[in-house]
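Below you'll find the structures, each written out as structure tokens.
In the two assemblies presented below, chain A is common to both, partnered first by chain B and then by chain C.
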Partner chain A sequence: MSATEAAGFRTADDVPEDLRVDLAGLLLSLADNKRLLGMRYAEWLLGAPTLEAGIACSAMAQDEWGHSRILYAMLKDFGKDPGQLEHEREAEQYLSIELLDGPPAEWSGLVALNFLLDTALSVQIESLKESRFEPLHYKVRKILEEERFHFEHGRGWLARLAQTPAGLKSLGGALTPVWQSCLQWFGAPDGGLIARLSEAGISDAGPDELRARWLSRVGPMVTEAGLGLAESDDGSAWRSIIDPDWSKWDSARRRSGDGAVNAETLAAVRGDKNRAMLMD
Partner chain B sequence: MGHLSGEYLYEIFARQKREDRLEHIGTISAPNAALARAYAWQTYDEQKWFEMVVAPREAFEAVNRDEEPFTLSPAEAR
Partner chain C sequence: MSSRLVQIRRAGTGLPVPGPSVDPTADEGYQSVIDRNVNFSAVFADATGRNPDLVLEIPEWHTPPADLEERVWRALYEVSDPEFPISLVDLGLVYGVEVAEPDSTGGAKVTVAITLTATACPCVEFIKWDVRDRLLQEAGVSEVDVRITWDPPWTNDRISDRGREALRRAGVSI
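Our next item is the complex of A and B:
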């Protein structure tokens, strides 16, 4: 069923029950990943290699927190309490990728999250541009307008670091695990909520198509940087050199492994310290 | 202005409405065009721009003066 053939959903109540659960799951996963990615950007506000990069990290952190706020707020129509989602969940309840459990050790690690993970999130969000769930249309457009500059920042730093032998070595070490996790993040090819949402016309692509879109966006630039992570015969269809590893994939939590975001990050994203002062 | 190696100056031009002319609004230091675009947009964000463009300073040709283009004070001129 394609989005154009099927009738649109104007509110969450119009969406059939099983699809509503899947869509809420996808929105929460996007919100959680953006909230945590914003945190990682913010950590480089001071201490980035150049003042301009620090300003860019500050802007990208604000963008990500804005996007996550939009997405959490949308979940109100799905019977969720955005305040509870933002401030009262335990680490295991976050639907965030394993890459965001703790901060990256080096700037190259942040560049890897910026270029590979932020782009993966944008590819997934772009698949909702013409969604049957109509409330997404305007919000998706606004998010993608801002994400354009996150992509420029990521590709610019990838190219910059690749110019020196030390930078290239650091990039190679940082990019490989992020590449592997991003490949898996779109979900196993045989099912999961991404496949069901695609079949129902809520999104316009399943896991394999999303992976292909992501590869076509990041593959040319990592190859140009001299990193052997992707290959292409004709310059248009890109393949990953690394295969996804489904052995630890948890489709319910949309992550690999049974870990969770660390305590320090959790306290910061929930705002625990400040909120304690405001409570009776 | 001191520079990291591999950094270049980019001149930023922008306009708020289609009927406006592009105006020179500032300069940014960046190692490549992609970062120049990202930095320009994220730094000069106090206005809602209809259009913003960047160009490397070295692309500008001096027409009537021998000194480097965009030089502000006589002391800077060489």
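Our next item is the complex of A and C:
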């Protein structure tokens, strides 16, 4: 990369057009996933196994919405209207992972989203710390700071559920699909959005490296919990034992399958019921 | 918007120390569905007689302010956090103040960069309103622009000694 090519981008206008589309796609996919993950956390406010877990879900939901709003607001620079993104889109326009289309049926499913998916989002965000798109430098640290607590919460519940045979069985069923989808979410190894952003210096890693970082973070605890999803020879580099199914992967929407978030969730995240109270 | 180097005055000392530049990407913050109906600074200023521990303590200044920028900083000591009687400055939320050149009528635009303790702070609109309200009472201020920044992330070691004392009085341990 020549010196000119490596120059930082201070605004969206500095970014070459094709790259700008990719970058906007990355920001929107992070924002949408955080928006919907926040909704999934919020649904457990009154149904979590302990009062403390419900309160933690409330705090994590609030964090996710704070992060998604920071990201939606960043898209203003790309000619988008944050209010429209937050309140006016149809389900098919969300760039959200299939795991968030509907609510998890059990607490172990929420723990899987907390530990695996929330960590995947953080791994992706961490790759933007030194991004060539400079506005990210001012947002990423605060988001990651708040995410440390989400990781600890997910890790704690993973270990706790794994202590009983019933908990472990429930975890196994819940974690496997989330595991596969998270691996896939970083993108196919041969090209795609994240690969292009990595080549351009927007992200400091491509799909395979991001997967490896995620595996090194979640692999040890999942293995310690007694779930056969990951393996390591030296305790530092982790491999997934199972592979994702790429046949339905849609790289533009960063999801598997052509579904979309369900109607009830969509109405809630858009704030349909309280539309009259929206301020300009 | 260009990056501007500003000075941060450490709470309590009144002395300027080098601060970070105002985040050039700081924006207006996200929208809120809550309209303004409470002035929290007024609530705490009014607590006398009900609970003296909940009165916002404002520093005593022994010298006249040097310039408008210093008046702005002093005024910000009178703006309270919405939840506790501690000023935004003592809480360490104010990252920078910039006073523009006065216009032809002698009024100057003031830009204040603030951070919040959490990204999803539900009080952002209240805080912005209170800052704007208070600063517009200063002679020579024609316009107030409150910007939200997240860098560097706020930590509780930004709270001044006076702020720690105020929180203790209000029953918050830090």
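Methods note: the second predicted complex is superposed on the first by the 270 of 280 C-alpha atoms of A that agree within 3 Å, B and C clash if a C-alpha of one lies under 4 Å from a C-alpha of the other, contacts with A are read in each partner's own complex, and residues count from 1 in each chain.
Just so we're on the same page, a residue touches a chain if its C-beta (ideal position, glycine included) is under 8 Å from a C-beta of that chain, and two chains touch if they have at least 3 such contacts.
Note that the structure is a prediction, hence the values are computed from the model and not measured.
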Does chain B (first) or chain C (second) touch A:Gly83, or do both, or does neither? second
Tell me which partner A:Arg69 touches in the superposition: chain B (first), chain C (second), both or neither. second
More residues of chain A in touch with chain C or with chain B? C
Once the structures are superposed on A, label A:Gly271 by its partner contacts, choosing first (chain B), second (chain C), both or neither. second
With both complexes overlaid on chain A, does A:Asp14 touch chain B (first), chain C (second), both or neither? neither
According to the stated criteria, A:Arg155 is in contact with first (chain B), second (chain C), both, or neither; which is it? first
Both chain B and chain C touch chain A; at which residues? none
Chain B-facing residues of chain A, complex: 50, 52, 55-56, 59-60, 149-150, 152-153, 155-157, 159-160, 163
Taking the touch rule as given, give the residues of chain C at its contact with chain A in the complex, in rising order. 23-27, 29-35, 118-122, 149-154
Parts of chain B lying in touch with chain A, wherever the complex brings them together: 4, 6-7, 28-39, 41-43, 45
Contact residues on chain A for chain C in the complex? 10, 62-63, 65-67, 69-70, 72-74, 76, 82-83, 134-135, 137-139, 141-143, 145-146, 271, 274, 277-280
